[in-house]
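What follows is chain A paired twice: with chain B in the first complex and chain C in the second.
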Partner chain A sequence: MIGLLLRRLLQAAFVCWSIGTLTFILLRLLPGDMEFRIAAGRYGHDNVDLAAAEAVRAELGLDQPVWQLYLNWLLDLMRFNLGDSLVSGLPVVHEMLHLLEHTLMLAGAATVVSLLIAIPVGLYAALKANGWFDRLSLMVSAFLRAQPIFMIGLALILLFSLELRMLPVAGFDGPRYLVLPAISLALAMAAVSSRVVRHSASEVFRSAFFTFSRIKGLTFRQAFLRHGLRNCSLPVVVFLGIQLASVIEGVVMIESLFSWPGLGHGLAHAIFSRDVPMIQGAAIALGLIFVGLNLIVDLTCYAIDPRSREAA
Partner chain B sequence: MRRVKQLNGSQQIGAAILACLVGFAFLEWLLNGTDPAVQNLGNLFAAPSLAEPLGTDQFGRSMLARMGAALRLSLLLSLVCVLTSATIGVALGVLAGWREGWIDRIVSFVLNMVLALPGLVLILLFAGLAPGSLLMLYLGISLVLWVEYFRVVRAITRASVASSPMQASRMLGFGSFYCFKRHVWPALLTPVLTLAAFGAAASILALAALGFVAVGLRPPTAELGLMMVELFPYYSEAPWVLAQPVFAVFLLIIALNLLAGKTK
Partner chain C sequence: MKLQVFLGAFALAVGLIACTPNQNPDVLTLGGPFEFTSQDPARDGYVYTRLQIAESLLEVNDNGELLPGLAQTWDMSPNGLTWRFSLRENVRFHDGTPLTAEAVVNALNMALRKPGVIQSAAIESVNVEDALTVAVHLRAPYRRLGAVMAHYSTAILSPASYREDANVAWMQGTGPYKLVGFDPPHRIQATRFEEYWGKQATIPNVVYLTGHRAESRALQVMAGQTDIIYTLDPASLNLLRRQDNVRVYSDTIPRTIQIKVNASHPFMAERNTRLAMSLSLDRQGLSEKIIRVPGGEANQLVPPSLAEWHINDLPPIKQDIVRARGLLAEEGWLPGADGILERDGKRFQVSLITYADRPELYVVATAIQAQLRAIGIDVDVSIVNSSGIASGHHDGSLELALVARNYGNIADPLGLLIADYGNHGNGDWGGMGWHNDELPAVLEQLKSERDPVLYREKAQRAAHILAEEIPVIPVLFYTQQTAVSSRVQGFSFDPYERNYRLSEMSFAQP
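Entry: the complex of A and B
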């Protein structure tokens, strides 16, 4: 249990260090003078002159040797000082907290909806394995998986916002705005996880212990609740952990599509406006969410499966 | 040819779709001389005709030429990414699985570093620090993809090095290269090909996704994701034009997923 926590803590430190280093190195590798680029980002490309570049250089201490800049960069990271946004001038940490809230809301809602779709669909498909429902759900899932996730979002926007005019197109101003982004993300997730639920459930239904519990005289319901549920939920939870990476990727896409004020949109926006501290901040925040979700998955597995406790 | 016959039904369908797309992209390049960037503002959203089999887009550019260019871009990028990441991943995987020791530890360290981040965020970082550069996209995508090959290849290599046929070969005095060719490579081939198909699909999706959030390639490059964003505002005027890149990505991904076969 403690080893588990420590491992994820190490991973979190790793994320911060590797993103910090990567941003630092890539920043140095870019062609052109840093101070000119930052000045261009701040004042616009038409207002850059030598004086502006010199002011930036003096303010940010860019004339120090590289290793010293790198050390300062890491020290700032360790103090959670991510610097100020080059565009808005506000502290990055402050902006991140605002964005984080919205991202967590979206990711949470999407996960819940995807489970609400995936579990019933997967279980029913497993009960009637190779029946018409099973094959239909396989086809729908293959169809959804062959789309980039933003196509699902676009199709939903076309249908519900532009044609039926039921829901707002984009932005954030109340719970109604959550519906479409959450559903598009959830559909993409459920496309895969419903198949995992179906496979693990049908394994359990065909297993010797399940047959035995039925022969013993338990009703299907009793046997499923007592013997089936825990066994078939383990692969699903483990898989959710693997799927998390694609959830984070989906968040980036869907937030950009729906102009959802979250981290993914923030990251894409920061990249577009060359705001390096914001890029670093958003990437670190997304990385940390990833680690945090992985930790939750680990703990859930720990709670579900007593066999893993001796190993951990 | 022998390999084609070994494919099952759905894999053959996937291979056929993929062959059609590659054929279209290649023949368009060979036979159609139209420049995908030439605008003709007097001929916007022309319906498909004999002169313009796929119609024209919002600047009157030939969609046939643009689709050909975009498909070539996606296919070539995915091919190069898959080749790079597979070569690196397989080479390092075999080394780490066979020799173990410090090589294994160092590569596993790098692997954990890459895995600590969601893939697209890493690609976005690479893309973001030098926007519009295809080279950065290629580096980012390959960096994310090699991890899978390494993990799988390392595990298989370990198992086959420890297997008794391999031990017997070693004791009979066969060299490392023979052992690799005879015992390790046959076990690697199928999983690596499966991973390659998934990797190609992933890199096509990543390219389209980056184009879509406007941090990938810049207009006027014909790129599938970029074309979707550019054409979306005109969806009610010219749905058939918007449908083309959407359908192309769909076909590419489904063909590669079918080709990859069942995931275990």
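Entry: the complex of A and C
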């Protein structure tokens, strides 16, 4: 257990260094003058000229040798200082927390809603495997999964905002603004996770140990709670871990459609204006989220599966 | 069973949240594409003057004439080297401190430490003359200093607003609205400032929200969530015009869509070639079918609203493919096997860059690509960051660029024209590889020209040079499209985009 935590901590440190270094190198390799890009981000898209670019270069010391800039960044990172945004001049940590908060809120809400859909739908489909409900849920899943996510978002906007006038189209100003983006994401997530639930539950229902537990006289409910639940939840938990990581990375579309100030969107904009510390900060935050999620998945599996405890 | 109860409760909760109406009677909500990252007037100042949080010494009316702002009167010394601004009495900043000459000098000195239009005037020093008088001393006369003092980057903030490094920590302006919420890059919240020196605002609260996708912005106003959406995309216009609860306003603004041409490129050095490219454009088609506002065809760079700089009797440039082909043939360009022009074995192939910050530019760019193809010029279009224009100008890699140039950035386009054509006819956003010494000389003289008649004559001369030589090809005059919810009364649009005039708006009684 302690070993697992230490291993993950070491991984986190390695992720910070490697992601930061990689983004640093990649950004240097991109075409286009950095100081011009930053000047466009700072002074507005039609106010960028040589004078603005030179002011940026002088202020940020961009004419220093590359290795020196890299060393400065590495030293700062060791002191847990991510630096200031080149565009806004505000500390990266401050901006990151604002974005991270919104991304986690959206991803968290979407996961809860997706589980509320996926678990009942998946279990019922497994119970009536190959029945009409199972086939229908397969069709709906395939249909939703095949849509680009902004299509789902737009369809929801058209229905709930324009026709019914119940919810706002975009923005972030309280819980009402969370509903549509979270449901759009949740539908796309549940499309796949409901099938994973269905598959792993139907395996359990068809297994010898489950049949045996019924034969020895347990009701279906007792058999499921005592023998089925843990067995079928393992693959689901592992899948959710992977899915959540990809959701956090992939919400850029939803964030930009709903004007949601999240990490994915912040990262995209930082790349446009070559805001290196922001890009490094966002990439490191995403990497750490990945490590954290893996840790949570490991711990959950550890708690669910007695075999892994014995092995440890 | 438990699950059903839970699901029921969840659905009910969603329903209850959802039943509150989209419109709040005390809040005016605005949306637009502009992101902001700071509170510094030199960077994102336009956001704050538009929301009437910050104000400048002078204001501008719809005709580009200067009006008193925080300065009640102003004058220039006979030699043109000293300007005096007398400040309005009883003006308070949002932090409660009074507006004094010292505060103004401090704010202008902060602006002088950053790049921006204020650098175009050779300012030697800014001094306190007395408690309410500020003197600006120039190294050389600059007739248009007044317009600079009406620009958002010279907005006056209280001394407490600035940090030591001249950046702004929290904006304390003087406007009818006061900044209360700042969530970059998306949301600004402002509330009515009760001690405003002028007429109090009617609507108590204002929220500005950046909308990244043009479609989302159009839907926001249709759903009644947002009261005013600035800068609509052409594709949404017809949809919005059909809505009962939305009005669409089209206002011409002094911005021109134009093609920046690298005149040092061996293919485009001759005037005939540039003229042929200009003649190949179907401006009427672009205006009616792409921008969807008829009448926006540009026959020169400076739009009609800047009357001193606009040539009234210049005929429109009609599409003339035959003449364009003839001009190109005169320069030795003859069609090859695939219809693309060739000269000395070289194909007429060039690249055109544009940027995505304005939603119509890339659509217009592809239409221009097709129209130039019709006279045998093969154009690749690529979408870059707007900084690619300035950096491409300096490293010489730019060939053609489609840009939207704001001639009303300050109330007089002189400063902008000097930036664009001052260096022997060249500048980051203007001429490139073109050589003309008369135009920069005329512009230089205009800096100190005090006689309005002579000023107009010289400005007209400058406009004629640009129209004759075509260093940059004019395409369309810009129209600002704004969608306004029917509950908003008193809407009007400032063509200089300095001020959204929110304090004059009110809500219709439901």
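Quick note on the criterion: the second predicted complex is superposed on the first by the 271 of 312 C-alpha atoms of A that agree within 3 Å, B and C clash if a C-alpha of one lies under 4 Å from a C-alpha of the other, contacts with A are read in each partner's own complex, and residues count from 1 in each chain.
By definition in this document, a residue touches a chain if its C-beta (ideal position, glycine included) is under 8 Å from a C-beta of that chain, and two chains touch if they have at least 3 such contacts.
Everything numeric in this text was worked out from a predicted model, so none of it was measured.
A.B. asks: Once the shared chain is lined up, is A:R226 touching chain B (first), chain C (second), both, or neither of them?
C.D. replies: Touch partners of A:R226: none, neither chain B nor chain C.
A.B. asks: For A:A245 in the superposed arrangement: first (chain B), second (chain C), both or neither?
C.D. replies: first
A.B. asks: Would you sort A:H94 into first (chain B), second (chain C), both or neither based on which partner it touches?
C.D. replies: Neither: A:H94 stays clear of chain B and chain C.
A.B. asks: Looking at A:R206 after the superposition, I want to know if it touches chain B, chain C, both of them or none. Which is it: first, second, both, neither?
C.D. replies: Neither: A:R206 stays clear of chain B and chain C.
A.B. asks: Let me test your reading of the model: by the given contact rule, A:A142 touches which partner, first (chain B), second (chain C), both or neither?
C.D. replies: First partner only, chain B.
A.B. asks: Counting only touches as set out at the top, which of chain B and chain C does A:T23 meet: first, second, both, neither?
C.D. replies: first
A.B. asks: If you tally the residues of chain A touched by each partner, is the higher count for chain B or for chain C?
C.D. replies: More residues of chain A are touched by C.
A.B. asks: Applying the touch criterion given at the start, work out whether A:F272 contacts chain B, chain C, both or neither, answering first, second, both or neither.
C.D. replies: Touch status of A:F272: both partners.
A.B. asks: Between chain B (first) and chain C (second), which does A:K128 come into contact with in this model arrangement: first, second, both, or neither?
C.D. replies: Once the two structures are laid over each other on A, A:K128 reaches no partner at all.
A.B. asks: Counting contacts the way the document defines them, which residues of chain A are shared by the two interfaces, the one with chain B and the one with chain C?
C.D. replies: 154, 158, 256-257, 272
A.B. asks: Please output the residues of chain C touching chain A within their complex, sorted ascending.
C.D. replies: 3, 6-7, 10, 14, 17-22, 35, 37-38, 42-44, 46, 114-116, 119, 167, 183-187, 207, 209-213, 215-216, 219-220, 222-226, 355, 357, 384-391, 394-395, 403-406, 409, 419, 427-429
A.B. asks: Within their complex, state which residues of chain A touch chain C.
C.D. replies: Touching chain C from chain A are residues 32-33, 36-37, 39-53, 55, 85, 87-90, 95, 98, 116, 120, 154, 157-158, 160-162, 165-173, 175-176, 179, 256-259, 261, 265, 269, 272-273.
A.B. asks: For a test of understanding, state which residues of chain B touch chain A in their complex under the given definition.
C.D. replies: Those in contact with chain A are residues 112-113, 116-121, 124-131, 205, 208-209, 212-215, 225, 228, 232, 235, 246, 249-250, 253-254, 257.
A.B. asks: Which residues, counting only chain A, touch chain B once they are in their complex?
C.D. replies: Checking each residue of chain A against chain B gives 11, 14-15, 18-19, 22-23, 26-27, 29-30, 142-143, 145-151, 154, 158, 244-246, 248-249, 252-253, 256-257, 267-268, 270-272, 274, 276, 279, 283, 286-287, 290-291.
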